[in-house]
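Labels for the chains are A, B, C, D, E and F, by order of writing; each one numbers its residues from 1.
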Amino acid sequence: MLDLILRTLYGFISVAFLGSALGFGLAIAAKKLRVEKDKTVEALMGHLPGLNCGSCGYAGCEPYAEALSSGSDSDITKCKPGGAACLEGIGQVLEREVDTSGPRMVAQVHCRGGEGTAETRYRYKGLKDCNAASILFGGDKSCQYGCLGLGSCMQVCPADAIDYDEQGLVWVDKNKCIGCEKCIAVCPTGVIKMIPEDADVIVACNSKDKGKDTKANCSVGCIGCQICAKKFPDAGYKITDNLSIVGYNDRGPGRADAAEKCPTGSIIVLDEK
Amino acid sequence: MSYIGIIITYVFISNMILSQFLGLCPFIGVSKDSDSAVGMGFAVTFVMSMASLVTWIIYHGILVPLNLEFLQTIAFILVIASLVQLVEMAVQKFSPALYKALGIYLPLITTNCAVMGIALINVREEYNILESFTAGFAGGIGFLLAIFLMSAIRVKLDKENVPRFLKGTPIAFVSGGLMALAFMAFDRALLANLIG
Amino acid sequence: MNNKLMQMTLRLAIICAVASLVLGVVNIVTEPVIVERKRAEKEVALKELSDGDHVGELQLPANSDELHGKLSAALAAHGVIAPGEDFNEKELITSIYPVDRNGEVFKYILQLDGSGYGGTMVILAVFLKDGTFVKAKLMENNETPGLGKKAEEAAYYNMFLNTGSDAAPLPVSKRALSPADGEAVSGSTITFNGISRALALGSDYVKLLGGKN
Amino acid sequence: MFNFLKGLFKENPIFVLALGLCPTLAVSTQVVNAIGMGAGVIFVLIGSNIMVSLLKNFIPDEVHIPAYIVIIASFVTIVDMLMQAFVPALSASLGVFVKLIVVNCIILGRAEAYASKNSVKDSIVDALGMGIGFTIGLLVISLVREVLGSGTITLFPMGNFDGVIEIPGLVDAPVRIFSLSPGALLAMGFLMAGFNWLKSKKKED
Amino acid sequence: MIDTKKLTVSSSPQIHSADSTAKIMWTVVLSLVPAGIWGVYIFGMSALVVILVSIIAAVAAEALLGLINKEVTVNDGSAFLTGLLVGYNMPPQVPLFIPVVASLFAIVVVKWSFGGLGANWMNPALAGRVFVFFSWTGPMTKWLLPITGGADAVTGPTPLGSLKSAYFATSLNVSGPIEYLQSEGLPVTYKDLFIGNIPGSIGEVSALLLLLGALVLVARKILTWHVPVAYIGSFAFLIWMFGGVRMGTGLFSGDVLFHILSGGLMLGALYMATDMATTPLTAKGNIIFGIGCGFLSFLIRIFGSLPEAVSLSIIVMNIFVPVIDRYTKIKRFGYGEVKEKSGE
Amino acid sequence: MSKFKTFPKGGVHPPDNISGTGNRPIRNASLPTHAVIPMSQHIGAPAECIVNVGDTIEEEQLIGKSTGYVSVPVHSSIPGKVVEIKEIYLPHGKKSQAVVIELGGEFKRMGKPQKQSDWTGLSEKEIIERISSMGLAGQGGATFPTHVKLVLPEGKKCDYLLVNAAECEPYLTSDQNMILEKAEEILEGLKILKKLLSPREIIFAIESNKPEAAGVMAAAVEKSDLDVRIDILKTKYPQGAEKNIIKSCTGKEVPSGKLPLDIGMVVLNVETVYSVYEALVFEKPLVERVVTVSGGAVKAPETFRVKIGTTYRQLLEECEGLIEEPAKVISGGPMMGFGVFDLDTPVTKGTSGILFLTKKEVKAAKQTSCISCGRCIQACPMGLNPSDINKHSLNFLFEEAQDMGLLDCVECGSCAYVCPAHIPLVQSFRMGKNQLRAIMMQKKGAK
């Protein structure tokens, strides 16, 4: 029993000694070897979402934070996935005024032409990749502006927000979309465009062809017939380049009615999910 | 056991990762690309060799004479943690380039089971100081080998169409499992027959 | 500044000291229990193997050349080792427990280290004075399941039963086994070789001891 | 309550955070080991979380890692000694891995990330959640490995029951690989994949 | 005159060689058939059942996974080939659940988990075999003696298996494996080994028929010489040099012919180590791979505890393939030397 | 061991299918009623259209003017009236402005006695100017402006002038038949080029499967005072690729990213040499060329001399139509040519052949995943690893693919031809190159 107690005592002394020696050593070392870390970068990293999606134009979140911190980049709005919270956070760290009003923007595919509705020109055989297909005369669709449907946007989407819907057409899930715009960059036909998250209607067509050509190419394309703009002048529809464009800041009466009146059905009411 | 035997044992037969499960976290975490895998491997090798040496001195120099074997865990981990931190700070101060290459992995090593594991194994196998150092070094090399091979496989898998739920960590485990299956080729009997 | 440094060191030291103190106290409680348990465990095993007879303990004799020479010759004669092969019996025989009835030793329990598939196998084996094998128990092993796990069963040792005396040498290769026994060890040649060699060594060693207490 | 639950599923230390893997795989050959290991980890986790939370103002920032580690190591040693003394069989089959609880990333991770910033009460809840989450993960893996690899389920012996449930059919010819190291890694990989699948199911609902 | 909408437009080249994945796979299957028929002939119908069960399990697994993935891949023949190879690697009277598990493991775990055909980095059939070998070692090491014409099935050790115990015997007075086997009462001649009149896995015994099948593949340009030659060459060299050491006959006395013809070496070197997906891409890489396999096979066969070395050697080398590929790039046109890029 | 010269690594052996149209006289195709003449028939900046709808055009009148150094002018192939100026697709998949001319009026040259002019008095600069103003672009298919190829950089000397008559693409026999008929004219063209470049050696390279053409050429050289080495090359695709034919004939390697000119080489297609001859001797612009119309679906395959702007539809009619529904219509050879879906596509300066291939000839099969057989690596004449570059490219790792040599790819199609998994590798590389260009533009913009 005595030796046990004696050992406890030894242990007490030696570990205390070891601990203090190491603690002392570390403390000294910490002082001598101190390298200042950039606190701003760390603080910024706390606010950035850490997705490393690259939509800010940098390789990842950290390089963007470094650029902001060092002042080599003064644009604090470059992080799209972060949204308002991130912007506010960055603003706080860098002591800058930020404007966080305005809705979150999400991507959407402006085309509903698929098998049975859109005409094709030839049989495509090759890679399942939109950019690869567009090398061959801009894709197999007769319409040059539509969605090629080979899913390159799905592949690049970091949030898994894009998929084929029930009709087999490409559609963005606005709840999952983080607004990084990667799909827009990869899409060869430019059919994906940003719309506000709370968008009520969408003109699901991107064809700038003349009405006659559009009609020949696709049964659900916007033919620029002006019905929406003329019948509902306050609803915010405007025709440019044979294509109706919805103004989202200008939501007058009759927006949903216009969808019903659209002869080709290219105006779609988005249900409030 | 001869030194060559110790090296073969800890590189192939009792590979830290593939047969002892020590150091799995960094093995899975830092094997996504080969450069960081090799960096991690060398950092672990260095720390394991040093830790084997220092813990041997602590154990046989202090704990055994004072009959304090029960304080083994606390003493070892204290020494290893301090060692890692010291190494990290020193590297950061004196070689920023090396720190950039290794530094981010060094804090991870504190909680790398492989380092603590080899220290405990050294005690269990009753190695002398040189044998301990050899075992630590060989264990690190075994770790380096496994993580390097793994990273090459994962780089290849990055470009393959791995099913969605298996992507990332799960497929890394499955790959590790298949590696371990193959490494069953190396057993103690092989070593015994080779070097007697 | 120095003050802060001292304080920091002191605090860490205090934590360490308190920790070790607590551990010491726990150790005071648990250590006797552990020691007692380990002793009891071995005693149970020895008792089981000795069938209730008194078990003593024998110091291993110093590695004398004479003994070693005799052992080597015996082992070589039985085909366990090649003539001239070097081995160290002290590494292979770790403890000797003579079993006596009324003070007369009539069998020995030997703790033997055999080399198996996955490393060392620790065997407690019982021999009569003339080297005849009685029974054995595997204490520790790392054999790969499926390849050598059978050696954990008591029945495994039946194939060595009543061998080991000068009249009936212990089988040290599968060739020496009956076809039925040979079938039983298929697939685990290495385990078999490790165990049979260890037992043969024990048997020959016991013969040399010749009933010493 | 939320803190408690998140350790069980959403932030399960094994399947989601992939922490504390070495002991997970090494000791999961038998269910009883998993229970023992889990209990040990919960004990250490609670103990160290309490101590760290209590001492958060006492521990100097520069040496907080060594200080935490000392605290953790003490609890680990206590567990180790208690196990050796009172459940020797378990201690033997867990082997060196009891001591290696000290480097289990979960414990240091929780001390750093949670206990050092929160109250004692919250820290206990967090430790319980994480510890139980860890144990559940361990149990699942060990169940898979033992059933497939040995054809048995080993629990504590109680009364007439020797603690081993034998699965008919499997016990005679088990898939031995699952009790060896490759099986551990394979089982882990597929369980993780299954967990991912479950999670995505849950998200869709 | 032409319905232009039906014209196919694709990127160049507009024509293609007549080869396809399916054609390659089925050709390999055909080239393996004679060796299988021989196995069934000498081991009896149980061998046929084992082969069929392996194939059915593999193909069924592939078909089922195809349904889940909505991508039919069964008819490319790769699953059939994997199943066939699994069957060839089984002892003739193995309990049938074993080949089923091996096939399932091969297809589901080794192949499908990584993304299906071509994405796997380990040979599925061999991984399946090793998996069941370590799981059920007993049944996997029980062999049938060749019966050649309907006598009752009798079990016995393979030549390699019984040779293994010779390494542990301390005093041997034989000159080589053949003589040792004769002293053990297992007379085997080189001719038996070559033709396949020995116990062993169903498909591995007949070196002759395997060689003939491989020659067909070489002629069809499906098989290149690099791996088999490097594998068997390095193996033979090492056996010749060190193979005699453990027989007590010293250096440079190994029985090369015996070792090449026995066990799974022929099947492994000609059909398993040459699996396209799991071997290096370049000729240089393949030679390194083959030498690695040869070395490991020699090491495990002579010094290891396991009787069979070929499957393990190949899957160990499979691990090294991505690394070999990285360091054996071919010289690019227009570059003085190969420029190594670090990392990628 | 073949006795013929060849490049050491890579290459494939597709069936050559030249017996149908080879060694037969070139037929003059009938004149198009409407010629569709694109402004962009060459690599480089498109020509600028200088005519308007309603204008009356003479034969060989300049209708598109060169817009830069790497650009060539366009001439009308027939006299007539401009009826439309529209955007059309060219076979390579890009759009171009095209002038549609309705046949009418009088021919200046056709059917009239040819007036020869003496070129020997012209200075080197004048020769280059003539070649440039006559709208010459490489007629092998790549359509690189010829005058650019012929201007040696400062301080460089031309070691070899290589006439590429390898015509390694299956089906195509334009060059072969051209040599049979115009060997002497080609030699005359070579004399002009010799004066211009003063090369150390002139090499005429032809594949071993065209012995008659080689024989005719050898006989012509024998008779002439020009010293030309005739190299018979092994029949192997892509023997006619610029870098490979240089390697085959001279053993020299054009370094990556460099042009043949950088190592003192000028390689010209045999038909281009003939056009040089016509440009200087007759002052004739490039308004017609030789086109092979072939393929299993065509009833009577033939080699034609065709006015540029003639549509594929018309040429098909000249061949008496189809015997079978074609699976693919191809502009150019089957290995590097482009599939087209519009039969109103016109023949341009680079159209060496039009093929109507049957399903059987195409041998398309379902695409499977890569089984890493390594055949593409063996087939690649540039020593690349197509399988790996493809995997990088498909995973959007274009810059890594560039490190692996994506930009060295010559799109010869050997890899995709042998790929047993039928992976459209070339499409992947073309896409990758496009994307890489976009990335580089973006980077430049960012800086």
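The rule is simple: a residue touches a chain if its C-beta (ideal position, glycine included) is under 8 Å from a C-beta of that chain, and two chains touch if they have at least 3 such contacts.
Nothing here was measured: the structure is a model prediction, and the numbers come from that model.
A.B. asks: Quick one: which chain's Cα centre is the longest way from chain F's?
C.D. replies: Between chain F and the rest, the longest centre separation is with C.
A.B. asks: Mind naming the chain pair that shares the most C-beta pairs in contact?
C.D. replies: E-F
A.B. asks: So, what's the distance in Å between the C-alpha centres of chain F and chain C?
C.D. replies: 85
A.B. asks: Take the average of all CA coordinates in chain D, do the same for chain E, and state the distance between these two points in whole angstrom.
C.D. replies: That gives a centre separation of 41 Å.
A.B. asks: So, what's the distance in Å between the C-alpha centres of chain E and chain B?
C.D. replies: The separation of the two C-alpha centroids amounts to 33 Å.
A.B. asks: What whole-number Å value describes the gap between the mean CA coordinates of chain B and chain F?
C.D. replies: Result: the chain centres lie 60 Å from each other.
A.B. asks: Name the residues of chain C that each touch 2 or more other chains.
C.D. replies: In chain C, residues 8, 11-12, 15-16, 19-20, 23, 27, 31, 117, 144, 146, 190 touch at least two other chains, as defined above.
A.B. asks: Which residues does chain A have that touch at least 2 chains other than itself?
C.D. replies: Residues 7, 11, 14-15, 18-19, 22-23, 26-27, 30, 121-122, 125-126, 132, 135-137 of chain A touch two or more partner chains.
A.B. asks: Which residues belonging to chain B are in contact with no fewer than two other chains?
C.D. replies: If we look for residues of chain B contacting two or more partner chains, we find 70-71, 74, 78, 82, 85, 160-161, 163, 166, 171, 174-175, 178, 181, 184, 187, 189.
A.B. asks: Residue numbers of chain D touching chain E in their complex, please.
C.D. replies: By the definition above, chain D touches chain E via 173-177, 180, 182, 186, 189-190.
A.B. asks: What residues on chain A touch chain B, complex-wise?
C.D. replies: 3, 7, 10-11, 14-15, 18-19, 22, 25-26, 29-30, 32-33, 35
A.B. asks: In their shared complex, at which residues does chain B touch chain E?
C.D. replies: Residues 33-35, 148-149, 152-153, 155-157, 160-163, 166, 171, 174-175, 178-179, 181-185, 187, 189-190, 193-194.
A.B. asks: Please give the residue numbers of chain C that touch chain A in the complex, ascending.
C.D. replies: Residue positions touching the partner: 5, 8-17, 19-21, 23-25, 27-28, 31.
A.B. asks: For chain C, which residues are in contact with chain D within the complex?
C.D. replies: 7-8, 11-12, 15-16, 19-20, 22-23, 26-27, 29-31, 33-34, 37, 41, 144-146
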